[in-house]
Amino acid sequence: MANAAPQLIGTSGDSLREAFGKALAAAAQEKTNVVVLDADIAGGTGVHHFRKAHPDRFFQFGIAEQNMMAAAGGMAATGLVPVVTTFAVFCLRAVEQARLSIAYTKRNVKIVASHPGLDVGPDGGSAQSLEDMAAFRAIPGMTVISPADPTEMALATRAVLDFKGPVYMRTGRSPSENVYGPDHRFEIGKGHVLRDGSDVTLIACGVEVARARDAAILLEAEGISARVVNMATIKPIDVALVARCARETGAIVTAEDHNIYGGLGSAVAEALAQTHPCPVEFVGVNDVFGESGEPQELAEHFRLTAPFIAAAARRAMARKRA
Amino acid sequence: MANAAPQLIGTSGDSLREAFGKALAAAAQEKTNVVVLDADIAGGTGVHHFRKAHPDRFFQFGIAEQNMMAAAGGMAATGLVPVVTTFAVFCLRAVEQARLSIAYTKRNVKIVASHPGLDVGPDGGSAQSLEDMAAFRAIPGMTVISPADPTEMALATRAVLDFKGPVYMRTGRSPSENVYGPDHRFEIGKGHVLRDGSDVTLIACGVEVARARDAAILLEAEGISARVVNMATIKPIDVALVARCARETGAIVTAEDHNIYGGLGSAVAEALAQTHPCPVEFVGVNDVFGESGEPQELAEHFRLTAPFIAAAARRAMARKRA
Amino acid sequence: MALAATKFASTPEAFSPALIARIAERARDTRAVAIAGIFHAGSGHPGGSLSCADILATLYAAELNIDAANPMDAARDRFILSKGHAAPALYGIWAAMGLMKQSEAVRLRKLGSRAQGHPHVLDMPLAETSTGSLGQGFSVAIGMALGLRLQKNAARVYALLGDGEIQEGEVWEGAMCAAHHRLSNLCTIIDYNKLQSDDRNANIMGLEPLADKWRAFGWHVQEIDGHDITALLAALKTAADCGDQPSVIIAHTIKGKGVSYMEDVPQWHGSVKLTRAQADDAFAALGLPATTLDAMLEGAMEVRHG
Amino acid sequence: MALAATKFASTPEAFSPALIARIAERARDTRAVAIAGIFHAGSGHPGGSLSCADILATLYAAELNIDAANPMDAARDRFILSKGHAAPALYGIWAAMGLMKQSEAVRLRKLGSRAQGHPHVLDMPLAETSTGSLGQGFSVAIGMALGLRLQKNAARVYALLGDGEIQEGEVWEGAMCAAHHRLSNLCTIIDYNKLQSDDRNANIMGLEPLADKWRAFGWHVQEIDGHDITALLAALKTAADCGDQPSVIIAHTIKGKGVSYMEDVPQWHGSVKLTRAQADDAFAALGLPATTLDAMLEGAMEVRHG
């Protein structure tokens, strides 16, 4: 019993990282120029599926994220489509490499970051990246994506491989509920109205989409009609949809597992300021670091769950009447 | 003649980096726990003044920004006040070190970055950081400052040394006009109304403050009364002042030598969305990389100069009437 | 000097059987608390916690100038666990040394716990810095060594690094820097357990010839068996007195050491969920009864509900 | 293979006086264009441009498999100037080899110019990548070497690094990685001019024993005089045929080489503004008349206004 293999946390089950890893391995069957770069963390990022299926196209860089990131640019220059993988927080030690050797050079590299936000759970604050979407969104020409569920993750994986240009994509560590059925479609740069509503719009990405949907259900019970938008592409943001939601519902809440500064909330605020200004309430981590705990506990503690999104919706609506 | 010493570009004259370097050396006379960390670039960042005045407190780390950034956290832990200096773009290869070993640990470290934005000039796009304010703003608890002129730079240098906590501060490479006289006062977290006005507010930081002031003069000639705010502290942003400007002028333009995503424009948009939504136009680099050229040429080419700010003001005003 | 503790290693008593036995006991307790914590948390890294328990025990029980009555005294030696994922062992040795409540050490990775998944200095000041991102603790140690020396503080700085960790370029930046600045007050120990997250170093990114690398970077190098307490004591003593170089001790260890079924098995790097049977077997391997585990878990529950 | 160029170094003709004279001439022209460009720009880094001119000339004139008629052929050898601030010299050798118009090479650092302050691959594809941030070009070269090998492309990859540059940890991450992956198609040359931005390496951050460092990281190491073209030719030949290791050539050079008043003077690292008198003296030192400088400047003006 004791000397049975250890249970690795979350490497099985419907986490976004697993969905990504499986979709990547599958897509690479026909996309023979896709290669994967790993920094000794394949078991955590989901690319162990790719390694198993395509060992010859799996490149180990060791625990050395800077070299890996810049080397991806070099591999892309030879015609390959490198997928660089590590935890989101470790991407932050290679921002300049992504900037110069990938974005400035317009290389077709996909940076796929697992373990974003509080969803990381018990590893604690050092590992919970709350800054990555801000840092990568500021890099000129970098597309930033954070899919909502395993279904969408698989679609997004294919989409980013089909897309030409540098992409930063967040996956997720924890088992994640499917908010979409099998007929969902994903398009880079387009938000998706998950649920219609007329009093307020809840715009979310990543693990917050399911929570926003739950918030809409809570609000419905109070007679509030909340629209829910899954804004899986943070950059370029779907300005037209954001503006339409502002026009049609007059109040907006953003929800993301990220610092409230610089990520989805900022992108939405920028879009609104340029098109149809309206009250916004930001749900996210309030400029503090995370800590150890189970993801759901942390989401409650740091006020990212449905009741907090619903409360923010009420505040936003109150401001529209003011 | 020929074998005379070479002329180093801009190490003399009223650049923000020189103003910083001199103020730092002076302040360190009495502040004996201030130390400076350099990555082989003291001549460029202004800290050659400190090195000359306080050689025993000047620490050379070589061309190795990651180690320098994290080591600053360690020095702070021993009671020193480390000032870490390099070019803004190279701070981007130590974002995670600043995050973990400075911000997460709440170390009293001042990261002072020279050579931000297009103001870098002929070195070209690789060296022109358009992302640093976004990346550092997203780090929990990090204060972000970008003073407007040499006078304010000197005041800000003293202020950040007096302040307890991690700070990221931009200086500047090019000779920079003084927009302030000797009686200017600087307070972290407070914007400063440089010029009053009622039709529109131009909120700027760094080298864009002088250009915003020039734009206001251009607008005045057309009978438009533009308020100019120097928002030297990007984080925490002066929410009350931003809201008041929105209330009183109804339209806002932001101007910064940075990507339009994630920096001052975002911070203003976030503040407005939470308080007093109003039309905003963003002047900044439009999600592209810079290139070689003289700073003023580049500012024109990338549409950061006064006429473009004035045009943005007209657009913002038109939207308020819409 | 206000500190009561003495550097045993520098006295003849240093290598007495009594001292060695005391260290071995602390090491065993460190391992036990680490396993209990990881079991209680339902996640955590056992392999690398177990491999460094003897190193931690030797440091804290015999080398570090830390007074339990006044642990944050300015003159204390600094220890940084740069391989922060071995936090369960750090909490374990602290508990064994009376520097942290055992119940808090076992209440690992729980919301509100001081025993964060990776050491966090704001929760446990004795962590000296927060780690978890490999490479950074080493740089912080260098900054401390520079800062202490500038302020004429004779305290020494110790950093424990993983072997996989030294693939980080930041470590070589730091290695070059420490040698250049002649940081003789800095001692680095490498937990050379030959394994990292996914596999053996040799398969991921080979490190050999490791001693040559450090020598070429200007360090005083010793290689020892990291489970031999006498060797550890001697090496630490030598390191403290090796001229004007920083010193590295390459401690050859076995990942998972002390819990036979984990030894040298890459999969036990973590982060893993232990079953009760596995935890019991681990305690048995350490020579401890299951009731000890029960007591530890009970203590942790009390912290939670207390 | 569609390429016309041959690797002279691998033929008996390699070391003929004619070849060496041709390379020396190219090196002189490289220096001249670099100085003209820096003068014309009013900024730029002369010291490190001059120190690597002989290396660049030897590579492009005799080693790299690049056909001026079809320079971007997939089978071309790749050269990356990782010390990107020496861009004026890169444009200089390209001009000398007919890979870039001389007028464009001299029109350095101007708005809209293809001769950006640091090499930019979108403006000049032969740059292979964009550099300017030290350390990154080396990693990109490693990625290319891996990518080419995977695709069974026999092209070789060359990267030129500054000595100060190798203080970057990224370089040691890359060094470990290239050796681990046995990238025998990768050759690194270090422009060991003993100076960096502010001062001598020895004062900023000592690098010695440098050869030992690379050997300990698993590389085939050669040390030569980086201004001795015969030695460069021989070393490149050896590097191309040294088994399954990546190869590094530590080229001892003099910063500012060829312009006597700049030689070994830290202040000429840059970014500096040259006076006309300084530029004239530089040309004189290179054995070129001031009229050559005038002609170059005129050509650059025409690009601007043309």
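Order of writing sets the labels: A, B, C and D. Residues in every chain begin at 1.
Following the convention adopted for this analysis, contacts are C-beta pairs under 8 Å (C-beta built on N, C-alpha and C of every residue); 3 or more make two chains touch, one makes a residue touch a chain.
Predicted, not measured: the structure shown is a model, and the values here were computed from it.
Taking each chain's centre as the mean of its Cα atoms, which chain lies farthest from chain A?
So the farthest one, by centre of C-alpha atoms, is D.
Find the geometric centre of each of chain A and chain C from their Cα atoms only, then give the gap between the two centres in Å, rounded to an integer.
35
Where the CA atoms of chain A average out and where those of chain B average out, how many Å apart are those spots?
Computed from C-alpha means, the inter-chain centre distance equals 30 Å.
Can you work out the whole-Å distance between the CA centroids of chain C and chain D?
Their C-alpha centroids are separated by 45 Å.
Take the average of all CA coordinates in chain A, do the same for chain D, and state the distance between these two points in whole angstrom.
Centres of chain A and chain D (C-alpha means) sit 41 Å apart.
Among the residues of chain B, pick out those that touch two or more other chains and give their numbers.
Within chain B, the residues that touch at least two other chains are 61-62, 64, 66-67, 89-90, 93, 96-97, 100, 104, 125-126.
Going by the contact rule already set, what residues in chain C reach two or more other chains?
Residue numbers touching two or more other chains: 120, 130-133, 135, 167-170, 173, 176-177, 180, 205.
If every chain is a node and each touching pair gets an edge, what shape is that graph: line, ring, star, complete or other?
complete
Would you tell me which residues of chain B are touching chain D in their complex?
Within the complex, chain B touches chain D at residues 1-9, 38, 40-44, 60-64, 66-67, 89-90, 93, 121-127, 291-294, 297-298, 301.
For chain D, which residues count as touching chain B in their complex?
Answer in residue numbers: 41-44, 84, 108-113, 116-118, 120, 130-135, 164-165, 167-170, 196-198, 203-205, 261, 267-268, 270-275, 277-278, 280-282.
Using the touch definition from the top, list the residues of chain A that touch chain D in their complex.
Where chain A meets chain D, its residues are 35, 56-57, 59, 61-62, 64, 66-80, 82, 96-97, 100-101, 104-106.
For chain D, which residues count as touching chain C in their complex?
167-173, 176-177, 179-180, 205-207, 209, 212-213, 215-218
For the complex, give me every residue of chain D touching chain A.
Chain D reaches chain A through residues 120-122, 128-133, 135-136, 139-148, 150-151, 153, 169-170, 173-174, 176-177, 180-181.
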